[in-house]
Structure formats: structure tokens, C-alpha cells
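I've put the structures underneath this note.
Two complexes come next, and they have one chain in common, subunit A, joined by subunit B in the first and subunit C in the second.
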Partner chain A sequence: MKQKGFGFYFRIYLKILAQDLKSKMSYRADFIISTIGMICTNIAGFISFWILFRRFPSINGWGYYEILFLYGFSLVSLTPVQCFFDNNWSLRQYVYSGDFIKYCFRPINLFFYFQSEVFDVKGLGQLAFGLGTLIFAWVKLGLGCSVLMILKMIVFLLTASLIMISLQNAAAATCFWIQNSFYVMDFVNRFRDYAKYPVTIFNKGFRFIFTFIMPIAFIAYYPSLVILRPDAVPLLSWISPLIGILFFFLSYKFWMFGALKYSGTGS
Partner chain B sequence: MKLKKYVTLTRAGIIESLQFRMSFLIMVIGNLLYLTVTYFLWKAIYASVDTDVVNGMTFTDTLIYLVLATALNGFLEMYLVWDIGRSIQSGKIVLDLLKPMPYRRYLFWSYSGSFATQFLFTFLPTFIIVSVVTHGAIPLGINLLWFVLSVVLAIVINYSIDFIIGTVCLYTESIWGINIMKQVVILLLSGATIPLAFFPDGLRTVVSYLPFQAIYNAPLSLLLHADPDMQTVCTTLGLQAFWAFALTLISTAFWNRSLRQITVNGG
Partner chain C sequence: MEPIIEIKNVVKEFKVLNRHEGLKGSIRDLFSRDYKIVRAVDNISMQIGQGEIVGYLGPNGAGKSTTIKMMTGVLEPTSGEILVGGNVPYRNRTKNAQEIGVVFGQRSQLWWALPLIESFKILKDIYQIPDADYDAMLNFYQSLVDIEPLLHKPVRQMSLGQRTLSDILAAFLHNPKIVFLDEPTIGLDVSMKAKIRTLIHALNEQKHTTVILTTHDMGDVDALCRRIVIIDKGKMLYDNDISHLKQFFGSYRTLKIRIKGDLKQYAEEITGKLPECSVSADDEWVSILVDESKSTVMHVLDKLQKDYKIRDMQLEEISTEEVIKKIYEEGVK
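Our next item is the complex of A and B:
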């Protein structure tokens, strides 16, 4: 079979996206409430830092605005996984009910087709709030602004997104082996909450785990160092884009491996 | 034999929750890891101040408070809103309404089984681990009795709030957004994310008049005080009992009113 090009997939994505948005628009109340709910979650995170820093001066040498920077960074980098890969949350239901088989019969990439079916609009609310927080912290820290810094930001935000997407793909794909992958996804989800703290608060063992096994330290900490502590950037920060790509590739392979051994439910 | 029907529902719930052993294991491991992370985080936070006691809480107090709040959350969060919302959307609710027991009571007793298993398999082990790790920092005396009483009231309050929110789904056809707002408000204002003791004074006064603090803060403060004076115990439990009673009435009335305008598509 001839390999289909990027343009082909892009056109298909737009078509599927249009259909998805149309069906979403028929539940307008749900759309509005979900967006408000998303922003509430983010505000709550903001408030808890505010409360915390009224009693305590810093966390492991990281001040209020630096922590807000990490928080904003993690919110922005979570947007792509929220917007484009949200269908992962439904994967276990499709697999369980047997409906997943419909994805296997299309002449396009299985992973692409499955993920493209849902575009989650409420991620955009998170993006707006995250960007707001990031810019607020940026200004308060007096970081200054240059083209190079913006470029670095974009590259490292994308890196962080790749890591998050990989984690979620891998967690969702476990449902090809165990029936209820909700707990695995929930587990990963809870941990990504901790991405907003500097990884240095942990001891050596956990630092290793969060860097190489469950790489949540790459969601905000390592990439942010490039901007926040430019004098002492560890090697891990610089190679994090490569690590992001590697993890994404591995999670994709894992997902496809599970999907291709899927044999349906027979109905 | 009036009690028999309730016992049957409880038993069915226990059997059902024991079915998913794998997810159970993941949940336990997840909780343990989560506890460790909480430990490191607050250790770093406490390291930033010179004193051992902040707002009347030592590091150990805070740790016990937050760890047990998480453990309580494990069995208080029953995804009730999702259950009600889904059965409204699918029309399954019609079958439940036909049962010879009020819907509110039927659901409560169906959940009682998983309350029991969760308590035995997640809360109790966590409790034991914490009291061993902290070298018996949890006072073991009459406060345990107050704690258990308080938890029972907390279950009732939490269930009522969930039920009210679930009823809202009858009107909004949105589950995710409504549920996430509820979770965020409860977790923040009940002290489950940050102990209420650290809240700024004004905010703490406001929060103490709301029902949410009765879910996590009330039982946990009763537990942490070895020898509380009778007056504190009475006010705490009395306030909880008030909320439990009031919210039960409100949720029942709200449900009965809403039921009249229910529209179910098929089923």
C-alpha cells in the first residue's frame, strides 16, 4: 500500500474535526459548562498556591512566581493532549464493547483515525488560563523578552506536550490487556498534577523514577529551567526534545501493538 | 425482615467491587506512591520555614491530615454523579425508578458495599501505615470513636451533595463539567488539598460556615487531637449532624421535584 502523505491526513483531519464540532454544538449547554468546569479546576490550582505562599516563603528555593511559572507552563503544555487525544479516555469502552473493530477497517492509520475523531474544545479554556498565568509570572519575574526566548519556549512547550501525550497513550493502551484501564489513566492523571512542582523536592530514587520511568519531570521542570535558571541548565533539559520524540514514538508503537492484536468481541 | 433488602444490596456491592482485583491493585500502588509524593512535597515546604509548628500544625500533623484526607477521598468519591447522569442519558433510570425502594435510598445502599470494601482495603491499611511511619503520632484513644462517628456523618453529607449535583444533571445534560466543578470546590474548601489551618483568617471563617469542611476537615481535626474538650467535639459533630440532616432534606426534596419533569429517551 502506498504511504499516504501529510497533506492527505491533514485534509481528512479537518473533515472529521468539522463533523465532531457540529455534533458538539448540538449540546451547547454541555460545552459551556465543561469549559467553565475546566477553568474552575485551573483557578483552584492557582488559589491553592496563593494560600500556600501566604504561609510559606518558598518550596525548595522556588518562589511564588517561579512556581506559578511552572504551573502555567504545565497547563499550556497539557493543552494538546486535552484537545487532540481526549478520545483515549473512551478507548476502553470501545474495546470492551467491541466497537473498536470499526477503526480497524479503514484504509488510514488506525491511531490517527481513532484520535482524530474527538476534538475537545474545553482544552482551549485551559490554554487561555495557562497562557495568562505564564505571562503573569513571566512579567512578575522580569524575565525580559527576546525572539530566542520565545523560540525556546515554543520548542520546550512542544516537548512537554509530547511527553504528556506519550504517557496518556501508554496508559490508555493498557486496556488492550486489562479490562478496566480507567484506574491506570486516573493514576497517570493524578501524577501529572505533580508535574507543577520542581523535581528536586524528591530524593534520588524518586527523581530517577520521575525522570526516566514516569517522565513527569519533563512536563514542566526540565523545560522551564532553560528559561528560569539559564545559568545552570542541566544536560537533561537540552536533550528533552529528543526524549519527548522518543517517548512519543515508543508510546505510539505500544498503542499500535495492542490495537493490532485486538481480536474484537465477535459480535 | 426489613433489613434484609439493605444487606442484600450491600453484599452485591462488595462482590462487585471484589471482581476487579487488578484495578484494585493498581489503586493501592497508586495510593502508596501518592502518599510518598505528598511526603516529599510537604517536607520541602516545611523546610522553607524556621519553626516546626505553622498555624498549630507540625509537619507530622500535616502529613497525617493530608494522607488520611486522600484515603478518605478514595472511598468518598463514588462517581455517583456519573452513575446518575449516565442512567438519565441512557434511560436506564426508568428501571431503577420502578424498584420498590426510593431511588435515593436504593443508590445509597448499593454503594454501601463498596464503602465497606474500600474502608477495609484502602483506608485501614493507609491508617496503619501512617501510624507506624509516624511512630504513633496518631493518638489512639477516645478520639478514634469521635473520628468514626464523624466519618459516618461525612459520608451522609458527601452523598447528599453528590445526589444534589446528580439531580442537576437532569436539567443540564452535562456530566463532566458539573462533576469537575463539584470536585474542585469540595477538595479545596474542605481542606483536602491544603489543611484549613493554613487558610488566611477571613477565608477560613467563611469556609467554616460551609458544609464542605464537614467532609474532610471535621473528622481529621477530631482525629488529630488526643484529648479534645467536650465542647469542641460537640460543636463539630453537632454542625456535621445539622448539615447531614439539612442536606438530606434538600436533596430528597430537590429530587422529588425534579422527577416530575424528567424526560427519558427510550431505555
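Our next item is the complex of A and C:
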């Protein structure tokens, strides 16, 4: 048996993805309606944000376009979790019904196999919207453009994505222990909204929680400081890619620990 | 014969919370540390050779699924040893998965939205099946059943029978050493059952695949298994050839007849006439359990027809549950 490396998993993922897209196209109405729904949600979010900032042009030293930058940043970094890890939302149903056991019989990584089954196309609409916002804010802020800047941007977007993925993995994995993990996932999802604001607007207690316990400050705030405030980048920003990797690893371990402990319902 | 599966003194215990009744009880359960230990599998040992088809029987909740989950590496035994193809399943789950195929009852493992052929292609990659082997297997399948109409149909549009057939084909695709089939014919019509039995039989014969089959259908057992293992309440009751078991159920059949009048009274009369049979009556039928090693059903029917006007009749084979009950009560001779 050949070693199953990155290439092996990548090929399988592409194959499943291609098949999945093909079958999704066959539900055309569903695809169009969910895309429209996604655009409406984002526009509504954007409008409430815009109204808020017409009254308070700056929050705690953060200007309109800077906040817009954070907003776009968090949307873009949300794309991977939306596209690739959406099956987490169904995990509790699989566990509850006992169907989760079917993932245990294949000679590939359990976590990979489970997540590979769903690719959510809606995430791409969000990506387009987020990128638009981000570029608009970028131009308005006159941040300039250099290879280094773009490289930094990519690294920190990936960091933010990793944190989002970790939070969702951990929240979804709670269903291996508790019956209704929907509330946990929903709770984490709501907290994620706070990622769109600079963490300095919160008081000390919340700042600590958002940095070290539920690390949503790493989703947009700390990474984007590198781009927005290059003169005074705190240490936490620089180490945020490491923190992203660490959190992802921990959430993966937690997920797998739950999955292996899982024994299925009798049949 | 070199054993492919070795199970030695395997025990599996589950920790279950002692639940209390009512709302008060539920609140108490939230904080309770009052656990009891349930033994789902109690000291089971067996060896299974390459190419055997073993019928694994027992009533619901006997511990069959738990044993299979341990052999497939999903569960870790509390104590004892399991070796499947030289692997400890729980410790080398992925390596073990490469060597086995599993069909778990009505839970399809195929990709719901995909046509079967696309699922096969993904499985080909997952199990790293060489092109030549893959093509040979598909041709072999084609010679056994008409798979052409299945291949391009999405699994979600299939009937239960087609889905089960597809699941079985998928489980054998990578030519595993062992295939576990958990109630493969449940809910299927007679012709589909026959089709599936023929398929399993041919695959076992040609590929020498070891098959572990759990079922409640004695027809499956009759058609496929030479050896039978029976467990109940986690304990092993029987492990021997099917021919040996025949003396428990092969020779017993139940004859049911309908006669106009008071059935209870007839039952008593018939008991007097047929002392070797046990007779009972319900609202519709008089049931006569005939031991065919002593007297034949035809003989009994003949005798009864002389005295009564029989309006309707049924003949029932003894069920697995009854066999197990018999073994439980009388022990293995």
C-alpha cells in the first residue's frame, strides 16, 4: 500500500468536489435561491453597518474605512469555513441517528472523509462580496500595493480562516458528548460577528476572553493590524499565524478524539 | 486452515447511567454519578478461516453489532484480544479498513447524490485499486448481475433493493479479505433476496472472501452459511456446522389449521389424538408443532382431515428466535 500523503488526499478531494458540483447543478432552483439569499443577508448586514457609521464616524480611533476593511477581511476569511467545512453543521444529525458510523469504515482520515463530503458553493458569493469590500476599503485608505503587502495579506487571511475553522470544529465536536450541540454552534457563530469590530472597543474582561478563550480577536483584528497600523503592531499580531495553526491542530484533535470515542447507536 | 479472524476471550462493557423516572429523576440524573456496567459481549472466543461464510445469529440486543464494531475497529474491547488479518482493528483502524468491507443494514455508505459508477471511481482512488483489478471486478460484477442500469442512477433514486445490491458491490470492490454484512436482506422482496444471496455466494466462491453475515432470516442462513455462531445476552451459545443445528429447527415445523367451531376445544381433542405433537389455539388458528423426526406433517394432516373439515391451512418453519430459545432451554446436544 502506497503512503497516503497530501497528493493522495488532494486528488480524492478534487474528485469528490467535481462530482458534488455536478450533482448540485442538477438542483438549479435550489442553487439560485440560496445564492440570492446569501447576497441579501450580506447586503442587510452591510446596510446596518453603514447606518451605524453615519452616526458615529469613528469608534475608538477607528475610522469608517478601517472598520470597512475589517468587515471585508472577516468576510473573506469566512469563505474556507463556509465552503469546505459546512458538513460540521450536519454532524450532530449523523451522530444522533447513528449514521456517523459509515465514516468509520474507510481507510482514510476520518475528519477529511467527513468534511470532504460537502462543498458549499454559497461561500463563493460571500467571497466575492468580501473581496469587493476589502479592495474598496484598501483603495480608500490609500494603503498602496506591493508584493510584500499582498503576501502579508494572504498569510493573515489564512490565519483568520484557520481560527474560524477551529472554532467551528470545536463547537461541532461537542455533539459527541451532548445531545443538542446546535446551540453551541449557534452561540459560537453569533460571537463570530464581534470579530468585525476592533477588539479595543470592548472592555478589558471581554478583550481577554476574545483573545485567549474564544480567540475571535484573531479572526480579523490582530491580523489586520499588520496592514492597517504597521507602525505599532503588537506581538500578538505577529504570532497570530502560529496561534491559528495551533488552534486548528487542537480543534482537529478534539474532533477526532470525540469521533473515536463515539460508538454509534445499536442497529 | 490459517485463521483470518481470531477472537480470544473478548469482553465489551458499557457504562450506562441509572436513569430515574419523572422530572425530579431527570434533574437528579444531571448530577448523578450512579452508573451501572452493562456487559454487551461476555467472553467470546472464535476463529474464522479464510473463505468461510459464517452466520452470526442472535436476537436483537444480543451483542452482534457490538462484536462486529469491534472487529471493524470502531469499538475497543474492554478486555481480550482480536486479530483481523493480523491487525489489531482498534489500533490500526485505517489499515484494517483497507482489508475489510462493511455493509451495515439499511445505512447506505455510498454518496447519496452520485450515480453508482462515480461512487465506484472515488472508492477506486480511496482504496488505491489498480486499473486492471478494477476493470476485472466490474466485468465480474456484470457477469453476476445486470449492473448496467444501476451504474448511472443516483443512489438517492434507487429502490431499497437496488441500494442494498449497490452497497454490497461497493463493499467487495477492493477485493477485501473479509466482508461484514449486517442484515443485508432486511426489508427486501423474495426475488431481490434471492439475487443478493446468489451474488454473495458467487463472490465468496470466486474471490474466497470471508463473509460474516448477521441476519434474522433463516433463508439467508440456509442459502449461504455452512457454519453458525449464535450469541444471546452477550454470551456464545453455539458455534458449529449448520447441519448440526438442523436437528434443532430443521425437524420442527408448525402446521396451522382453521376449523369452524370452538378452537380451544378442538385443540384439546387433537392433543388427545396426537400425543407426540404440542397443540395450541388462538382466535383464528389451531397450531400443531410437528417433530418431523417422529411423524411427518403430511401424516398429521391426513389424520386430521378424516375427522375435521379443514377450511384453511398454513405451514410455518421454525424461526431463529425459536431455535435460539430451544437451544437456550435444552442446551446443545
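Side notes on the structure shown:
In this section, the second predicted complex is superposed on the first by the 264 of 267 C-alpha atoms of A that agree within 3 Å, B and C clash if a C-alpha of one lies under 4 Å from a C-alpha of the other, contacts with A are read in each partner's own complex, and residues count from 1 in each chain.
Just so we're on the same page, a residue touches a chain if its C-beta (ideal position, glycine included) is under 8 Å from a C-beta of that chain, and two chains touch if they have at least 3 such contacts.
Here the structure is a predicted model, which means the values were calculated and not measured.
Taken together in the superposed arrangement on subunit A, subunit B and subunit C fit without clashing. Shared-chain residue A:102: touches subunit C; no touch with subunit B.
Once the two complexes are laid over each other on the shared chain, residue contacts for A:202 go to subunit B alone; subunit C is not touched. Residue contacts after overlaying the shared chain place A:33 against subunit B, while subunit C stays out of touching range.
When subunit A is checked against subunit B and against subunit C, the one touching more of its residues turns out to be B.
After overlaying the two complexes on the shared chain, residue contacts for A:151 are found with neither subunit B nor subunit C.
Rounded to the nearest 10, the angle made at the CA centre of subunit A by the CA centres of subunit B and subunit C in the overlaid structures is 90 degrees. Closest approach of subunit B to subunit C, taken over C-alpha atoms in the A-based superposition, is 9 Å.
For the contact definition in use here, the subunit B contact set and the subunit C contact set of subunit A share no residue. For subunit B in complex with subunit A, the touching residues are 20, 22-23, 26-27, 30, 33-34, 36-37, 40-41, 43-49, 54-55, 172-174, 176-181, 184-185, 187-188, 193-194, 198-200, 203. Per the touch definition, subunit A reaches subunit C in the complex via residues 1-2, 11-12, 15-16, 19-20, 23-24, 98-99, 101-102, 104-109, 117, 263-264, 266-267. On the subunit C side of its complex with subunit A, the touching residues are 14, 61, 65-66, 69, 72-75, 93-95, 97-98, 100, 102, 104-105, 107-109, 111, 113-114, 118, 121-122, 125-128, 154, 182. The touching residues of subunit A, counted against subunit B in their complex, run 27, 29-30, 32-38, 40-41, 44, 47-48, 51-52, 54-60, 122, 178-180, 182-184, 186-187, 190-191, 194, 197, 201-203, 206.
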